[in-house]
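Per-chain residue numbering starts at 1, and chain names A, B and C are given in the order in which the chains are listed.
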Amino acid sequence: MDKKFPPTVHLALTLAWFLVALHMIFLYAPEEMTMGEVQRIFYIHVPSAWTALTGFIIIFFASLVYLRKKSRLADQVAHATAEVGFIFCTGVLITGPLWAKPVWGIWWTWDARLTLTFLLWLLYIAYLMLRSYLINPGRAANLCAVVGVIGFIDVIIDYMAIRWWRTQHPQPVILGGPGSGIDPRMLATLLVSWGAFLCLFFYLLRQRLALGQAQSELREMRRNLALASSEN
Amino acid sequence: MLPETPRAELRLEVRGVSKFFGDHAALREVQLEVSPGDAVLLYGANGAGKTTLLRLMASLARPTSGEVLFAGRDITQEAAAAKSAIGFASHATLLYNELSVRENLEFFGMLFGLKDLQVRVDHELDRFGLRDRERVLVRELSRGLQQRVSLARALLHDPLFLLLDEPFTGLDRRSTEQLEALLKQRPEQGKAVVFSTHNFQQGAALAQRLVALEAGRVRYNGPLVQAPLEALGITPDTEAMHA
Amino acid sequence: MRSLEVLWIIFRKDLRVEWRNRETLVSMCVFGVLIVFLFNFGLQLAPTEMLLSLPVVLWAGFAFAGVLGFNRAFASERENSCLEGMTLAPIDPSAIFAGKLLANLFFLAVAEVVMVFIAALWYNFSFLPSLGQFVLIAFWGTLGYAALGTIFGAIAANTRMREVMLTVLQFPVAFWILMLAMDATAQAFRGNPNGDATAGVLRVAGVSIVFTVASLLLFEYVLEE
């Protein structure tokens, strides 16, 4: 992977993609009729949210693979994804109120998607806290994988339960079936922007993964060194 | 449970086992076979992998690679048969502080599904001289007595293989003598014992076979009398370094 | 059959341990009553508004008392690594889970009865007209909540700051069990004639069953090393 698609090329691609996305966000996409310019944060906000969600889906599958195959790599992928996904999820929680204040007049409301994002954010925190508080190295990966699986089940339940909850929020705007009415240029901008976010996400993920692997190699070298010196 | 298997084939085998904790290798490519009647001393410094090896053999932990077999079958696959044949005691007593000695033994005996539970409990209580304390809560016992109850718990289902991790630590003199007698007696009855200790001399008097571990690898596995003690860095009267 | 027997043995053992020190039940009940007291006293609501706050107060009480109990449930197991002692026996890991769950469920149910009794008194509210539905909601809500508490309690036992860890894991995941249960309870108390309360009970039951089954299936990995 590193040979065929080196990190520097990946980074260059990410930057280029973001330039295109920014161009589309500010120059190509039409201005929204009621919300005006401020609506353009939508192209940052929504892709962040989708990417944060993608992150938890990856954690779920990596956790399942770990539980079945006990693969170290799957465990490392889950850990790295959680850290990167958490950043994107935090991004959603920051851009959300920034958008809500001028449009709704309030920073925060327990709107369906805000609630979902906040719960997802809490799950990320719980998962990462567990990672750093575990004291039994023999069980650490197993326990995190179990929480990864239960956490994802919870995400699915969130999506169902929010529909049962005393609903008052607007129905889904995008992919909400016929008549949900979004300008094709807006949709194109959104998708390109999401692509840029995913590209960035995977760049950060592979860098975090490489860092983790370098860390464990270093630890192993230190240990061998300590062993060698204690023998003499 | 495995009636058709002759006793001599009821071996406990560790085959090419490595165990990693994160990226730390606690055991590397360990090979070991224990047959009924064996008395094996596991010897090595702290961190050599003694505890990990015993825990793997007791199916408390799974190997990262390699396998642990009982009667030729993976102990995690044939868990019920293997667990009924294995007794394990370690530094942690695995006893409930809020239950009495007898209640603890009865509880674990019931989990093993023992038929003649009361007889067995009485037998173990007598063996370890705990009869007069059977109603005392474990919390109120001294460390040495708790260790005795823990041994009684490990022996309750009369396991073919008795695995003991540092069983002499914290034992008073009388308990030590009882344990030594037990470790001598089991192999004579055709049962196996595998135990680890820091005190080489004490262990050597009770075992026929020595398995010396160093940094997760088996340095020696063979008859104790033939062991190249000097090459292994063991002088008969020393204790292993607390590395 | 053997697993049911094991479940029962473990449950009886937990009752006996609890009977010796009475720590878990007493602290759960006291804590629950304190929560009902705080809200009842602090909110000073008119009788009509009381009905709005009561479901929230009850489920907040159940939730906090529950977390307290789930933490205690693995304290005795952790002390001398007793959980490992159980895994040495030829029994199914899910039977261990079920036994611990039954104990957690039982202790929380006792605390809930105390809280409901106190709440009926202070809120001057009769549970009788909606008792059947309320018991159903409480049962299903408590089952899922306790199942999550049991597996997270076992997980948190392997961490530093166990109590904090359990809380941090429990609340985001159990969020909808609590919310749906509150909602259904409010419906039941209002005596909604449209049959909405039944739908509420079904939702709570559905979510609880999903989490209970998932925890049951995943528990073996929690014990594995």
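Heads up, the rule we're going with is that contacts are C-beta pairs under 8 Å (C-beta built on N, C-alpha and C of every residue); 3 or more make two chains touch, one makes a residue touch a chain.
Here the structure is a predicted model, which is why all the values come from computation and not from measurement.
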B-C or A-B, whichever has more C-beta pairs in contact:
B-C
Among the chains here, which has the CA centroid at the largest distance from chain B's centroid?
A
Here the gap between chain A and chain C, centre to centre from mean Cα coordinates and rounded to Å, is 32
Per the C-alpha centroid definition, the whole-Å distance linking chain B and chain C comes out as 39
Rounded to the nearest Å, the gap separating the Cα centres of chain A and chain B is 47
Among the residues of chain B, pick out those that touch two or more other chains and give their numbers.
61
Interface hub residues of chain C, defined as touching at least two other chains
224-225
Mark out which residues of chain A touch at least two other chains, giving numbers and ranges.
138, 140
Touching residues of chain A toward chain C in the complex: what are they?
67, 119, 122-123, 125-126, 129-130, 133-136, 138-140, 142-143, 145-147, 149-151, 153-154, 157-158, 161, 164-166
Touching residues on chain B, where the partner in the complex is chain A
20-24, 61, 64, 215, 243
Which bits of chain B are touching chain C when the two form their complex?
55, 58-62, 79-81, 83-84, 86, 88, 90, 92-99, 103, 107-108, 110-113, 137, 153
In their shared complex, at which residues does chain A touch chain B?
70, 72, 137-138, 140-141, 216-217, 219-220, 223, 227, 230
Show me the residue ranges of chain C that touch chain B in the complex, using the header's touch definition.
2, 6, 9-10, 13, 16-17, 20-21, 76, 79-82, 84-91, 224-225
